[in-house]
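Provided herewith is a single structure, encoded as structure tokens, for subsequent inquiry.
Chain nomenclature is as follows: A, B, C and D, assigned in order of appearance, with residue numbering initiated at 1 for each chain independently.
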Amino acid sequence: MSVEIKGLNEECGVFGIFGTPDASQLTYYGLHTLQHRGQEGAGIVSTDGKTLYQHRDRGLLAKVFADPAELKRLVGEAAIGHVRYGTSGHNSIANVQPFLFRFGDGDIALAHNGNLTNAVTLRQQLENEGAVFQSDSDTEILIHLIRKYINEGFIPALKKSLNLIHGGFAYLLLQKDRLIAALDPNGIRPLCIGRLANGAYVVASETCALDIIDAKFVRDVQPGELITIDQDGLHIDHYTRQTQLAICSMEYIYFARPDSIIHGVTVHNARKRMGKLLAKEHPVDADIVIGVPNSSLSAASGYAEESGLPYEMGLIKSQYVARTFIQPTQELRELGVHMKLSAVRGVVKGKRVAVVDDSIVRGTTSKQIVQMLRNAGASEVHLLIASPPFKFPCFYGIDVSTRSELMAAHYSVTAMCERVGADSLNFLSIDSLVKAIDVPDAGDAPNGGLTVAYFNGKYPTPLYDYEKGYLKSLNAQERLARKENVR
Amino acid sequence: MSVEIKGLNEECGVFGIFGTPDASQLTYYGLHTLQHRGQEGAGIVSTDGKTLYQHRDRGLLAKVFADPAELKRLVGEAAIGHVRYGTSGHNSIANVQPFLFRFGDGDIALAHNGNLTNAVTLRQQLENEGAVFQSDSDTEILIHLIRKYINEGFIPALKKSLNLIHGGFAYLLLQKDRLIAALDPNGIRPLCIGRLANGAYVVASETCALDIIDAKFVRDVQPGELITIDQDGLHIDHYTRQTQLAICSMEYIYFARPDSIIHGVTVHNARKRMGKLLAKEHPVDADIVIGVPNSSLSAASGYAEESGLPYEMGLIKSQYVARTFIQPTQELRELGVHMKLSAVRGVVKGKRVAVVDDSIVRGTTSKQIVQMLRNAGASEVHLLIASPPFKFPCFYGIDVSTRSELMAAHYSVTAMCERVGADSLNFLSIDSLVKAIDVPDAGDAPNGGLTVAYFNGKYPTPLYDYEKGYLKSLNAQERLARKENVR
Amino acid sequence: MSVEIKGLNEECGVFGIFGTPDASQLTYYGLHTLQHRGQEGAGIVSTDGKTLYQHRDRGLLAKVFADPAELKRLVGEAAIGHVRYGTSGHNSIANVQPFLFRFGDGDIALAHNGNLTNAVTLRQQLENEGAVFQSDSDTEILIHLIRKYINEGFIPALKKSLNLIHGGFAYLLLQKDRLIAALDPNGIRPLCIGRLANGAYVVASETCALDIIDAKFVRDVQPGELITIDQDGLHIDHYTRQTQLAICSMEYIYFARPDSIIHGVTVHNARKRMGKLLAKEHPVDADIVIGVPNSSLSAASGYAEESGLPYEMGLIKSQYVARTFIQPTQELRELGVHMKLSAVRGVVKGKRVAVVDDSIVRGTTSKQIVQMLRNAGASEVHLLIASPPFKFPCFYGIDVSTRSELMAAHYSVTAMCERVGADSLNFLSIDSLVKAIDVPDAGDAPNGGLTVAYFNGKYPTPLYDYEKGYLKSLNAQERLARKENVR
Amino acid sequence: MSVEIKGLNEECGVFGIFGTPDASQLTYYGLHTLQHRGQEGAGIVSTDGKTLYQHRDRGLLAKVFADPAELKRLVGEAAIGHVRYGTSGHNSIANVQPFLFRFGDGDIALAHNGNLTNAVTLRQQLENEGAVFQSDSDTEILIHLIRKYINEGFIPALKKSLNLIHGGFAYLLLQKDRLIAALDPNGIRPLCIGRLANGAYVVASETCALDIIDAKFVRDVQPGELITIDQDGLHIDHYTRQTQLAICSMEYIYFARPDSIIHGVTVHNARKRMGKLLAKEHPVDADIVIGVPNSSLSAASGYAEESGLPYEMGLIKSQYVARTFIQPTQELRELGVHMKLSAVRGVVKGKRVAVVDDSIVRGTTSKQIVQMLRNAGASEVHLLIASPPFKFPCFYGIDVSTRSELMAAHYSVTAMCERVGADSLNFLSIDSLVKAIDVPDAGDAPNGGLTVAYFNGKYPTPLYDYEKGYLKSLNAQERLARKENVR
């Protein structure tokens, strides 16, 4: 959740609801709990059964809907919403979802969480056939595919289209008379279904969005499923049967809210177990255990409990967003991170500190944290990471799609330890990670139903458009392994 | 720090700096860390040695200085700043500090944290003598008093004035060539001095504001002191010698940031000890210990450590501020608190939960928390309060100056337990509170150098303007005790 | 120009520039002078020869670019801009131009002034072939047509597309290496070319946009022309030779700025001549002549000059935009128009007033003006309209596309006079209108090269999608005439 | 009214109302029509008979009250409002009126139009006696004086205070149960009384503010009057009988709205007569007459009528406010004035143009207008000023209080003509100015009841604080004359 600190960003949260008054208002509340999945833009599209109404803009949800009139304008008993993390390229409002497409035969709104691996290829094909794209986003591709096959009927066209796109995706579509949800064949992104007391159905990225509106959890959407909700209720269908659960392990490690339950696993509990297993694998000689707020507090408390060391609040995070103005002097240079994190001098002074973090991406924050703790008087700083080294990029919706920025892709653990300036550095093993999460729905899927490609390079899908660039980024040994993997 | 949840509000944080370029920018950073002391307004006044420059407005610091040009306009090597919690009455910009008064013989800016007990009387006297007040704030009284005696010289007039006002106060004054700080004779509000590497001096409500700008802690301002900082450095003087430390215990319990060190005591550590002593006084038969984020997490971890029960994250707090629009349906009624706090179902379900909170003011939040935990499946909810029952109002700068709103003033602990719907309810004793904080500077001051009047009604100063109304609010027994106390 | 008063709205102004630093800034200045052509939205797209940069939003230009950083972001030596009047339907940002389409083979931006008569048909055809539209605007159709034929090359595809669309249109297209302008075969919307001292070319809806940036007028774009501006300069081509000038007469009567010169005619001069011919056709027995500010002042001064009556300022218009809050009392009901127009009591009191207005659309404003003058003491009010009765809708870009709202479509002049409460009401004849404008470029085009369909129902193009609804709106006699006209 | 063009700024408009629901809303409408008197800040204070409510901020009225909730908050049946032009010094919100002072014995709000000549002296005296000023404004002085004598009763204290201040002033005061208005002994600033149909009384700077709310004009406030409006109606009293009408002639020449009637003279009519007399005094050999919009159009039409030359629209003013961003290139340098004024090429090309302007202050705008007309093709440009040369500063509320900025103070008419680049330059004589305005209420007051000190240096009051600096600014001959004048 500490987006600004980590530099590791989820690309979106989605929420949909059908069959209740105040649909757009409930969507607003749902999106509020999903705000950690995207802070760059937000939007809602509602329908009153006749037409679709849209409002979206750049910025946090509360800013986008600062004028209550905007939400009131979104009338009707069904709605979908979206929070977005925008890639650096074109942070234009044109890319803020849900998209709304107006057709003579009926409007369609579309919201998407995930990333396609064959988007470039598909887009080029579609453009060659005359398609006009207005956004940079992958999301738009689906609608062009649907329209290409629309003569076969909407649902058949949608199913065909979903079989043509590859990668990780959770889609919500809204038409004037129904809400549709679809999940990729590996179930890489989380998506769950809930139900209000009044019978309305809800679909959301995380269960925390169900809780806030008192919706009862019904089930997780499964890989390859096509869910339709209309006047007649909930319909579960499949667009493909070639599926296998491989949910993104980073959802458990870092992204999801601790109170969310994904495929039966409470995120906080998984994290606490990661901390416990980390303590078993890597006990350290320290006086206290502290966590990096907020995402690593669960793991830190697990580490403390298992190790028997006191759990302390050695770092605190400001609740207030602050501007960092342009800094003319050297002294002010490093203030950025200080604005968000502070070491608690009275806790760490003179202590050997075991600091637990959930992951290391670029390593810059880790370095600053170690420095901050030493400045506050820590006699030793032992850095413990509650996940394996993040060596390989994500192509399914996390904003890390090149290896160059991943510290673990370029340095050994020893070298990393030296670079961040810690007295020791240790990571959780992949095996313990899988064991800590322990997805009940996994069946006999590899890696306990998880995508752990970020740690071992074994991706659950072909990489298509990314394959070539990815191969180039690998060293000789990794390249060889990759060739074996993709066979 | 969870202002919206508790309904217990500090009235202000102050920050001042003298002798460094970027004085206003450093003040901005300092105020950022003090934002928890006031979110209704913010302002900075700077000086370049010739004139004084002011910017202030209603709202959070980041909003007030959203346009970077506003901060750039505040040139010079000295500045004072203020964050404010506005009382409900007149949330006008006229009440946002620092105040700036322009005189033919030199401008003065003034920032204040605290509350006077003889303000009404003084104001009436001054008005009768022709004084014109523009704000509702007590703060303005000081400047009118100073001007009344200005012929005796500025510092003598200031000293005389400080002896005429009573209550709790920490003042910062800025003139074109010096920064002045003054603390009330009981040191009720915290105020500390720090120093930058370049020699500049800093005065701030809490040490966290020193840390963010890498200022080294020098010392706490002591009761009755008058501190002057100018080109020649730091000068420590007294305007009175009749002093005795009685710092507000609520600073340790609730208000101050956990990383701040007040009179030698790290706030987090004090809170953790409160939790530990609470566990000793009131052990409960529970499966897990959870805290109400963020202010009660320290106490909860202390309780867990002492009791040997697992410390879990059973409640989480949203990082994002959200609007609660007008709610037309019954279902949406209770959403307000949900927007800020969520129970972690996967943690509390089927568990006997010991939930630690720092205090109970009105009791409404406690009731909602208990309900929230039960809804999430907790089999028992034991509420443990890491401070004594809050029975008597504060007249020194906390926004609780009538008894009517204090639940503990009207109900026994048993009745309170029933009202909030908990399985058990227990409070820390005053003795344990004093022991947990254990102020080293206290000497032989009563209550270990703390003001604990909120719990026992024994105020360290006469109440003047408030005395009459206060007496009325007491029951027969309390009234009797009061009469003995004030003798 | 008095958009709010009249209820008659132009749909857009365009501006383009190629070959100069500060292209986007000059576009901003150009759009500023075209603001009277659209106040609902504004945007600019620039190019630095590599990529295209866009900023657009709802509201006035000054609001859209309130943050100077937005304009600075639009780097490069070429740009196009647009100001828009949004139809009531979907005032979404998605409809604010210029549109920006990103293709693998190069981005295209598009800005449009006008309206197509076969848009519905074309859009349906395109959608049936798989096209996905994101806006409601006609404008998008062109880009879909171009992409449909893109294999033939861009310019051939563009020419073919321009031959498929019908109605009134002035298009600007921006690619990374050129600026393209195209005008419909009847030249219904104005479009002119200018040149800066540094050799850069400018294309704009009106010459006032050339004047503000000191661009020298080069020529008007002629019907059916396709203008290309690139590194090699200006290229004039045609996409059709079947052309005949029929420029919208309402541009001269009401829309264009008085200082603009359209096809050789200064708008102020044309209006003054309308006033003079109106005085010849309809002399009235009055004491003074006044005009309705600002658009009718030219005609009023012409009327005064010709009639020999004194020209007075009997109505004044507020320079300031004001909010009209919801009005609870009867007295406040009529304040709306008062906020914009005021009668000058000291001028009109006791006088027989000849008030000249440019046109009557719905008649509500006329009624209010007559009332306002009587309240201010005018003894008689003679209303003189410097154009013929507005009886037939415009399908080429003016926001009056149904007859129902046109007063003159439903009432005789006598009945209109009674309804607006004037002592007399008279209109300019079509012949005099044509004579007053006297377009030098007209050649032997009917109506002196003007579209006067609003007054006589003879449209210069087939109405396609609108034909059926239009016929229905006519009375028997008009319907018969229509059938003859379209043969 | 063309504030930005002229660089000559009125300092304020005031409006008050007593005895009607929607008092604050009507005040809003009234202030809207007075917006030309001040664009830098606006505010309203209302009362419901118990307490006073205030809202004020920097910027235009529509911006200050952009949130309708702000106006709704200002409940009650009485209100005063203010629009302000801020002097360059301290454009702080602290200086935005109405000021609101809260006293134990009742709140007072205060709004002021004008300027005192002994403010510095009074302020220093008051400060020496202990007064604390929060604004830089003269306005605050009155309240301090009142409080000094408050023991004598409010009205006696007010009367005594009004006799101690000197200069030009129109004050409005609001208490919970009455509205008070006071005018200086020379009646330099305009102030009029109106009445609504429901019996409520209105006081405003100009009659245009009465018209917009359909208030009937009652009478002008006369010099030295003290008007009280309360539950019992209107009471007219005097604080002094030593009065003589000397209303500011610039109100007629430039500031007031053309539809306002001041002391019986409609401003437009006065201006038209100035134009006529100018034509008699200075006929020119020209083809057309044009005015500088908007303030000079009345005079220009008078000049045209008298001279028999055609009145044309040779300059037009943009209706839209525009930002002028920082301009990096030479070509953009001069765009500022172009954003506001444009020459109509088709009108002035090849013509000998007589351009009428109301006054010359610094001369920079005149120079730009002449240049603009020449660039548009004018063969000759004859500049005719409908007032005498502006040689002496105003100390009564116009933002020209030093001579250095006045072109006519330093150059002969011939030299001015050369500097602005005109073919000829002529001014109206003082005698003709007085004759053109012809105030019926003047009696035997000098200069027909007008202040013409700007043209002849004969001020109607002593200059007190300004005398010394003013004398320094004079040349030898003027200084001699001054000494005679003040005797």
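Worth pointing out:
Just so we're on the same page, a contact is a pair of C-beta atoms (placed from the backbone, for glycine too) under 8 Å apart; a residue touches a chain by one contact, two chains touch by 3 or more.
Every value quoted in this text rests on a predicted model; they were computed, and no experiment measured them.
Shared contact partners of subunit B and subunit D, listed by label: none present. Counting hops only between chains that touch, subunit A reaches subunit D in a minimum of 2.
Set against one another, A-C and C-D show the most C-beta pairs in contact at C-D.
Inter-chain spacing, taken between the CA centroids of subunit B and subunit C, is 61 Å.
Here the CA centre of subunit C is 38 Å from the CA centre of subunit D.
Averaging C-alpha coordinates per chain places the centre of subunit A 49 Å away from that of subunit C.
By the definition given earlier, chain contacts exist for A-B, A-C, B-D, C-D. For subunit A in complex with subunit C, the touching residues are 54, 92-94, 99-105, 123-124, 127, 129-136, 140, 143-144, 147-148, 150.
Every residue of subunit C that touches subunit D in the complex is listed here, in rising order: 1, 21-22, 25-26, 28-29, 32-33, 35-36, 60-62, 65-66, 68, 71, 196-198, 207-208, 211-214, 257-259, 261, 265-269, 272, 294, 297-298, 301, 305, 310-313, 316, 318-323, 325-329, 331-332, 335, 338-339, 342-347.
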